[in-house]
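Just below sit the structures, each encoded as structure tokens.
Shared between the two complexes below is chain A, which pairs with chain B and chain C, respectively.
Then we have the complex of A and B:
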């Protein structure tokens, strides 16, 4: 358990060691430590960042997965067509990189960060409404290899985004 | 992602790519009214109670859709029946012995030739032969003409009718214009089940009222409702003019008819339905700079009127009939990214030959449908075209309209 906790913690191994040498019940404490570390690590992996244009991005190393938010697909209505960016295209933060269309509306997609488009979700060509039913999972739109990961700091976290949406709607 | 709604009322607006501040749908970018300043129809509270998503439509608070979404609502109308609140449209009456002569002086139709309680689609034209508005005029058996004009042109049309009527009266003619919009609401009940649904609330036999004809009936206990068999979807249906305090009662009764499944529908599906039906939207497909000839609405210019040449812009229009127009309104179908209003139309070799005036994905046909103007040489059905959407050229072709066959009721 402790070994697993240490592997999961990556750079936090020293904390695992400290906690496990405590005099409290090892099993309980170990489990709690494991849970705490695994929760922390999981949270870092799936931390979503958001743009003012209602896109989200999650990171896995230097690869970012990008889509549009629940609020965006809700405003658009049933999505019938997605214009996907070109795989291999180099894009800068803020570049127009595609579009999401419903019967009545067009939502332009803007790159939340700079980098190269390495994959697009071709499942959307068959069923664009995946974005409605699963905006954060099956409805992902593109993956990018980031060239400037520091640009992520410009983006909002979940709390800030929800607050932003509330001010937009008022 | 920023949101651009491409449904526009009357003004020709540039296609918006970024909407500042509000990510909600925008119908008329020029309108900066807050919710409190928008005009409300008699069904405003009713729409909100039924989950309508309200938007600003030419200064009115109107539902663009309900919970089902636009695609589902569109399909429901083609399969069953939907109620559209069109109380924002302007209803008027033309009184007087010379009422027909007066309305003919502003329009291109054969109003004199209408049977009692028969109506027709016609056009107000300007001196350049351009279209000021499209409207329906019905010759009632009550001695007046019943006129319905577009909400987006309300100020313009009312001023036009009143000014022209004052001049007409000065020439010692007997006509008067009465705007009755404040006294009556207007509901459009459209779809194959519309007649069955309405019949449950009406004593007379609706099958005796054919396309474009009307009668004054008691509807679900409300007397004095003018029922006109017409609409804006290509389906069989009725527009029902109801005293303003009873509109909710009629709408509610229709929703509660047990033998049919009538649902409320908003302006979103109203637009996709009319586009599939090949019907023009004033401000997009026809405007003050398009003639009936260019718009392929020549059928509205009655033979007698052409012979008499007695409507605004007659000279220009008659000349264009002779010389053929340089551009024509056509239907366009395509796949891939939908072409919306403002999209450039190219010939196969990439030359710019026209512009799209309306377009959307077709819920019924699973492809994209659009209307636009092209140089006349390219107006034949089947002509291959290209549409320039976001810098890419999309294959398309000229299609006959309506895209979906009409189901108007012409009697048994």
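Then we have the complex of A and C:
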């Protein structure tokens, strides 16, 4: 088990039934490796990943749904307008892909990953404040077909994002 | 925390020059964030005065091009920008302030930042003996007359655009628009409220001090000696339809 644990710690994609049951003892392995296995094991969960620009992305196959976080909408205030990206546009990770306007202020949106924009949330054209009231559900902004799924590994998971927010606010 | 506020008086410049000055500073801040520079970027207050210009905000679709034609025929420039807010006017006699800051040095919240800008202006007005306040409509108000308009942009919490405080502009320019899209409310200036001529040069020291105090800056560093803000800053550019 120690040898297996060592291989996990080096991030190798090692899957074994014995190891799966071991994921119930998180203190045994490094947290990062544990989470990778959690994602493999619980593939049906829509795991959220986060960027330092306060955006979130959840995956369904190779399609990602993207929005801004609760903290982002809280820092912006009441949102009055959203500039949605163009459906069909090819974007790279870090590109500006739209903007969010709160009362008297516009904030840029950045692409968390590369790919093609396949759908935008047109409900926001009628009611941009959905982002405030429901940032993770009704206030989603765009869907993308990812061209480089490995970029998801660059992003933070929920725990890391919450820690990041705490350091920003301190 | 030792916060240094740099102040640069650009004098009377075109709106485009103002945009370029902001973009250059913004680029320095973004490069600093990305670790591309050795020299840390400076949180800077750009002060200036523009020739008559009407500007709209990010929601470009809302103002038809016929409106743009109407306004330029009055003798003003017209610019569509990426700031928040709707249509406003800038011109001689109005102190325009563009704080290009990294909000990470202050507080990473655009909502907080807008509120701080309003409070800075209220502080400055108070120094002049004017009771100004905030309202549900953004900006700084004296009663139901707006004395200062606000509209900003944030990219990774680097701020551009800012606010415009009416010192002694020719107020007739405002008659041709619904300022900030707020129907039924008026506009005013420091001069109108005080019944005496208050020039931009008179307002600058108070405005800078109020800003530094509100944003808790420990030091103010002027990047240039006092540059006169134009030959005349008494609303000399007359709106072409005023009698």
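Keep this in mind: the second predicted complex is superposed on the first by the 125 of 170 C-alpha atoms of A that agree within 3 Å, B and C clash if a C-alpha of one lies under 4 Å from a C-alpha of the other, contacts with A are read in each partner's own complex, and residues count from 1 in each chain.
As a working rule, contacts are C-beta pairs under 8 Å (C-beta built on N, C-alpha and C of every residue); 3 or more make two chains touch, one makes a residue touch a chain.
Not measured: the values here are computed from a predicted model.
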item: Combined model on chain A: chain C and chain B, fit or clash; value: clash
item: Partner chain(s) touched by A:68 [first = chain B, second = chain C, both, neither]; value: first
item: Touched partner set for A:81, first chain B, second chain C, both or neither; value: both
item: Touching partner for A:109 - first (chain B), second (chain C), both, neither; value: first
item: More chain A residues in contact - chain B or chain C; value: B
item: Partner chain(s) touched by A:95 [first = chain B, second = chain C, both, neither]; value: neither
item: Contacts of A:55 with chain B and chain C, given as first, second, both or neither; value: first
item: Contacts of A:168 with chain B and chain C, given as first, second, both or neither; value: both
item: Chain C clash site on chain B (candidates 22-30, 40-48, 94-102 or 202-210); value: 22-30
item: Common ground on chain A, meaning residues reached by chain C in one complex and by chain B in the other; value: 53, 75-77, 81, 83, 99, 101-108, 110, 168-169
item: Parts of chain A lying in touch with chain C, wherever the complex brings them together; value: 53, 74-77, 81, 83, 99, 101-108, 110, 168-169
item: Chain A - residues contacting chain B, complex; value: 53-55, 68, 71-72, 75-78, 80-81, 83, 96, 99-110, 168-169
item: Interface residues, chain C side, partner chain A - complex; value: 57-59, 82-85, 104, 108-114, 138-139, 150-156
item: Sites on chain B touched by chain A in the complex; value: 1-7, 17-18, 21-25, 64-65, 69-72, 74, 268-269, 271-272, 336-338, 340, 360-361, 363, 390
